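Below you'll find the structures, each written out as structure tokens.
First chain A sits with chain B, and in the next complex the same chain sits with chain C.
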Partner chain A sequence: MKKIVGVAALSFALILGACSSDNAGEKDDSDFPKKNLEFIAPATPGGGWDATARAIQKILKEEDIVDQSMTVINKPGGNGEVGWQYLSKKDAHTMAIDSSLLITNNLLGQSDLTYEEFTPLATLTTEWISVAVKNGSPYETATDLMEQLKKDPASIKIGIAPGLGNNDHLSFVKAAKTFGVDVTKLNFLVYESGGDVMTSLLGGHVDVATMAVSESSEQHLAGKFKIVAISADERLEELPDVPTWKEEGVDMVFPHWRGILGPPDMTEDEIAYWNEAFGEMVETDSWKELLENNGWEDFYQDSTETTEFLKEQKEMYTELIDESGLQK
Partner chain B sequence: MGIDVQAILDGFLTTIQPMNLFWIALGGFLGTVVGMLPGLGPATAIALLIPITFGMEPTSALILMAAIYYGAMYGGSRSSILLNTPGDGSAIAATFDGYPMAQKGQAGQALAISAIASLIGGLIAVVGFIVLAKPLASFALRFGPAEYFLLMVFTLSAIVALAKGQMVKGFISMCIGLMISTVGIDLQTGVYRFTMGNVHLSEGIDFLVVIIGIYAVGEVLYNFLSINKPVGEKKSVGKIWITKEQWKRSKWPIIRNGPIGFLIGVLPGAGGAIASMLSYSLEKQVSKHPEEFGEGAIEGLAAPESSNNAAAVGAFIPMLAMGIPGSGTTAVILGAIVMLGLKPGPLLFENNPDMVWTFINSMFIGNLFLVILNIALVGILVKILDTPPRVLYPVIMMLAFIGTYTLGYSTVDFLILIIFGFVGLFMKMLNFPVAPLILAVIVGSDMEQNFRMSLISYPNAIGILTASPITIALVIMTIVSLGLPFLSSWLKKRKAQKNNSEAM
Partner chain C sequence: MLKSKLQKKILLMVTSLILFLMTLMLIVFVITDYLNLLDRSHTVGLQTAKMLSYMDTVKDGLEEKGDVEKAGDLEAVIERYSNQVDATFIVVQDKAGHILASPDDSQIGKVIPFEDGYKAIVFGANYSMLSSEIIGPSVSSKAPIYNEEENQIIGVVTVGYLISDLRENVHNRVEKLIYISLLILALGIYISFRLAKSIRKDTFGLEPEQIANFYMERRAILASIDEGIIAVNQSGKITLINTAARSILGIRTNRKGDDIETIFPNLPSVAELNGSVTQSFEMVYSAKRLVVSGMPLQLEGVQKGALITFRDTTEMVEVVNTLYEVRKYSDDLRAQTHEFTNKLYLISGLLQLGKYEEAVRTIQTEINVSDNTNQFILENIKDAHVQAILFGKLGKASEMKVGFEIDDNSSLGSLPKWLGTGALTVILGNLIDNALEVTANHSEGHVSFFALDFGEDVIFELSDNGHGIQTDQIDTLFQKGYSTKSKTGRGFGLANVQQAVRSLGGTIQVSSTEEGTIISVYIPKHAEHEEREVK
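== the complex of A and B ==
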């Protein structure tokens, strides 16, 4: 009996092997990519995702990293959902910008897509998220702020954008939860954009706001409001006086990352091609300049590392969203 | 900031470098063209140009993008006047009297006065920018959720009150608009409303699709009903220059509404649509001939045109002085110049004064260039009126569909476009005012979200109304704007009665 099972298993394996080598033969991966590449920005022209996609396209071309021509196409809608839906039906000559929204859309019940269906190709950048208080605020430090929230979670108006379940929101929830605050009672005012959040903090219409460091650092340096904590693992060069959450006794690092996502079922060779291409791209001067101008940090991870990273991220977001009291 | 004459001169010299003049001219021309086409607004044009600006000097990129923006303000009213199809939210008010003027055979004069009004409004705003940028930036910060909510209530009330004699229809129109604006994800709770499971609807219905549908498609459908009727005598396009009498009537409205548009433009999120509508309703209230408004009163066109161009200039103040985009277009510009390494914000004026002054000077020169360009184009543009409907309407339809697609890259919008085309048709046939509906769609969602946020800040509705001197002023203005039409007709009646009794 055992023997029969063994033979069956062996022949099954052979058939599988034959099938996969068939596929490989058809594709002839040695000359990937062999036609025009499509690069999806899951947003309208003019936004951050679109700008990132176009900048990457320009660098890959100008530095001769990718020979095939590459077109950026815009597929806006549903926090990236439309673009990723489109990607899920394409072949290896297509890729898209992605971010944690790929994970949170699903967890919040807004999408059926999960990252596991795709081929994560790279993580490229991160922005760190800052928490700022208005001028004249009674809370000097992040610890003061959290102590007050612990006493009365609803006593402070917190400005965020552009939606609940977003990074700016969840990073604050995570910090507060780690500190022991009842996060389901927090009072969030949700604005449409980071600019609106900034206006309302400058005008004192909210007490606290969370924003990307790139959005808030100029105002902090000009003394218009005060950043009390950032979500990075260590202090930033441009903001040497601002402590991290860790220094404030809240053990948390929270990146707002962006990466590149490939369609389902890419071959080893195709993945290797992009590992090499993006590995080369992140070393170029024009890439470094792009990061600096936008206030982004290098966060490069290749395909394998990104897959592992997304797994960790999903676990983290699942737990966070479950405990945040968000409506799904 | 203090006014440094030397810095202004340096900026001027940088501006008149041939390359920068070229960018101003190119931007102004592109802006005029996209402004004219329904749906293709400045935000789309600039977004598509971003890859080109990658290699550019940041100041030149900013000059180019700004020229597109205010160029579109000039262009937007062209199609409002000639075809009754505004290219953008801020050009809607130009249809109220601009289109009737064109129908009366004054198309040339309408185009000329709107260019002149735009120029003067723009120049007033540039001067305002130089003198008042910093203090105004901090004044704008005093607008919190309660203030914005009441500003929008005031704007809606002013526009409803315009529909004199049919205020009920105005209210119905506004309510439909407000209902449309509730479609999409609700920011405060993250709940999806009326999206029917469609991903594309989660971000709501784009007001530009509603505008294009109701005006462009609706207008075409309406004309289709009468397409086979024999065409009357060829419409005269009139002179292309305004008369002394017309100038006398529009002079003060233009000068009055420049500063108003500028101040509203400075408020982040308010923008040209609100500015031009408020200016129109203000002019109607103060005019000696309010009955001519809507029938082709030249001041009814001049006032909003001055105002919306001033608002476009004003919108750059929060963007440059605070790094806060005041409108969709400035948000795109902000993103683009950040990519180029500029850091707009409170430190920009200190760190890059040369850039700021070059930019301000470019707006002076740009406005002058645009008025010349637009007046030169009058002769060509009025030919549109001679185009046979069988040629013209298919072209408008095509542009409407292209414009709609560029807004969201989705075919769902086509369906919405057609639906609103029929809505526009029926409203026209039943003589409903469309402006309240459109304005409600534009401001509705912000108005609701600001109201909900104010409820967190203040315990109850009374608290919102009396939150600050600004809110109290806005409440009073709202009551006055709604009450004035009734009051004036009551006074007239009383006077008439008195006269009658005296006669007896």
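== the complex of A and C ==
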């Protein structure tokens, strides 16, 4: 009896072995991708995510890095939630742009999705976050601004888009907290898009706005408003007169990164394919040109590094969000 | 109050088992129920908080704080939802932490800083947590309230379930369960009583220790008894066999579960052993003479099997037979004495009548006859035992008026010692008696005895002129119980003869015609019998 069981087990193992080796053969890098690829931009056309997705699609195609045709589709809504929900049900031929919202949505109870449910494929770019004051503002520097907020947190209207809890918001809260501002009383006005925030600031509806450097630098250089601090680790070449938060006494470097997320349960071969593809892409001249034009910085990390990075980010955000301003 | 140990034991076991299981179940129930309730409070609370945060009434109530009407609307809405979702409290705070709506009126207008509500007021998060910030420890779900026009956070709504309320809910349900459990316990106790009663009925009211004692006793008794005992069940399978039975039957293995047929093929079937009557019969099992009794085992009139007891009577039968022979000799001698007395009366009569010559002739005839026969026996049959047997039988024959003569050609020396008296007595005594008896009714009954030991064998031959034996009866002649004589207790004679002859390694030949029967017995002189195995 034992013998029969043994033989059965052995033959079963052999069959399994045969199957798995077949699978391995099929999933060889030459076979992936097998069909058209879908690239999800979880936002409306025209936004930052949409632009990034289309630029990447263009480079991958023009540089012949990916043979299969690739379509960018827009899935706007819920701070990216809609797009990522869509991705979570697709196979390896789909991917999506992601950012720190993937983490914060969950931490703020707006989404059940976590990065652990997906396959992080790469981190590509980062840009820095700026705080700008309207022209004619009594606050010349970030420190002035913070001192006023400390005196009366509700006295200043702060413009922000597209929702509370994003990097722009978090970085401002973190800075304010460092100055001892009662952040519960801060008066944020939430706008639909970065363009609206800009308009409000230019029109004087808000006193302060926080947005990406790529969005604000042009107006700053044009003298339409004034950037008083950036979240980078050192001053930027194109904005030599703008101090970092560090210089203002806040030990904070806050990157606003973007990356690429794959669906759950991707095989090692599939991951390896994208590591190679993106690794190649970030070396191209057209990629570097894209970074230059948008004021982005190269922040490339492959799948393994990205996974590790996301873990750190999650810890960082958890600490930031859960640490009540009053609990010091 | 509990009569028996068994009852106590069963009651204790059942009760503790039920108690254990119920306690376990209750604990599991309490834990899962409480966790479920917590979970539900989180989910429902969060949903309610989110929904309320989108409601215009709530938003208006926050934005227009001075408006009494709006504040009343807000109160009404809050109270309605509070009832609908069974929440302990729903509290609305403005951005500064002022409480605008609360089930506790005294709280309205107070300021509670956002500590647990921090994530909601600062980051606009929707979440649920354990908090004791507002009214005691509770599951608090919070959602930010935005105003319509500028999308600013203007307040926070908190939906709370007091932990103590949740516990009370669980407590109430557990209370009901405990009543049900007690009912089950009572039922369990009742059933265990019934069970104990039923078991006691099955065991004739005996306690387990008593049963164990009985069992030990039974084993001791069975082992100490010389009688073989075999118990069988309804289908005739052996359920018990004692040591004596095994040694009598020469069985080494246990044989339990075997069919009784394999041991006693001729036994009446168990079904036939009906009624409470004990049936006894004799039978032979591999050369052993057994007296077997069968007794049915019945329980309340239902046949449950049978008990078979048996004794090895081989030795006893031999003793009985010998005793029988000895008695016959004394009878024979009495007959001879009687015969002689008659003759003495005759002689005495003749003498008194003065017929001296007649008397002398009678005496001489008598002397001659006895002298001739006696002389012949003394001269030709040298073996003292055979002589004694023949003398005895001569007297008997004379009394029975049967001619009994010793063949002139007979010649017999002293027989070897191993041809014991017992065996000879059985063989010759029975054969001669049989011959005498079958010829006794004949007018000229005549029996002749012949013995010879010239060759390898000792030969005895008895011929009579009786009515002979039917051919089909010859085969059964030597079986036990065969008898032409209708009296009970007989029918062992010839069977005994055959047994004795066989044990000496000899053979028997029977030839029978209408004129009479000749029975010849051949017994080898040499002691080969020792090697021969009796079939």
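Methods note: the second predicted complex is superposed on the first by the 292 of 328 C-alpha atoms of A that agree within 3 Å, B and C clash if a C-alpha of one lies under 4 Å from a C-alpha of the other, contacts with A are read in each partner's own complex, and residues count from 1 in each chain.
Just so it is clear, a residue touches a chain if its C-beta (ideal position, glycine included) is under 8 Å from a C-beta of that chain, and two chains touch if they have at least 3 such contacts.
No experiment lies behind these values; they were computed from the predicted model shown.
J.: Spot which of chain B and chain C makes contact with more residues of chain A, would you?
T.: B
J.: Between chain B (first) and chain C (second), which does A:199 come into contact with in this model arrangement: first, second, both, or neither?
T.: In the superposed model, A:199 contacts chain B only, not chain C.
J.: Once the structures are superposed on A, label A:164 by its partner contacts, choosing first (chain B), second (chain C), both or neither.
T.: A:164 sits against chain B and chain C alike.
J.: Figure out whether A:90 sits in contact with chain B (first) or chain C (second), or with both, or with neither.
T.: The answer is neither, since A:90 touches no partner chain.
J.: What is the contact status of A:107 with respect to chain B (first) and chain C (second): first, second, both, or neither?
T.: Once the two structures are laid over each other on A, A:107 reaches chain C alone.
J.: Now for A:191: first (chain B), second (chain C), both, or neither, which partner does it touch?
T.: It touches chain B and chain C both.
J.: Look at A:222 in the shared chain and tell me whether it touches chain B only, chain C only, both, or neither; answer first, second, both or neither.
T.: first
J.: Report for A:61: first if it touches chain B alone, second if chain C alone, otherwise both or neither.
T.: neither
J.: Who does A:246 touch here: chain B (first), chain C (second), both, or neither?
T.: neither
J.: A:183 contacts which: chain B (first), chain C (second), both, neither?
T.: The second partner, chain C, only.
J.: Touching chain B and also chain C: which chain A residues?
T.: In chain A, positions 108, 110, 163-165, 187-191, 326-327 sit in both the chain B and chain C interfaces.
J.: What part of chain C is in contact with chain A in the complex they form?
T.: 46, 95-97, 113-119, 121-128, 144, 146, 150-153
J.: Over in the complex, which chain B residues touch chain A? Could you list them?
T.: 43-44, 46-48, 50-51, 54, 140-145, 185, 187-192, 199-200, 202-203, 268-269, 318, 322-325, 331-332, 334-336, 338-341, 343-347, 408-410, 446, 449, 453, 456-457
J.: Okay, in this complex, where on chain A does chain C touch?
T.: So the residues of chain A in touch with chain C come to 104, 107-110, 154, 163-165, 169-170, 173, 183-191, 321-322, 324-327.
J.: Can you list the residues on chain A that touch chain B in the complex?
T.: Residues 44-48, 50-51, 54-55, 58, 74-79, 81-82, 85, 108, 110, 157, 162-165, 187-193, 195-196, 198-200, 202-205, 214-215, 218-219, 221-222, 224, 289-290, 292-294, 326-327 of chain A touch chain B in their complex.
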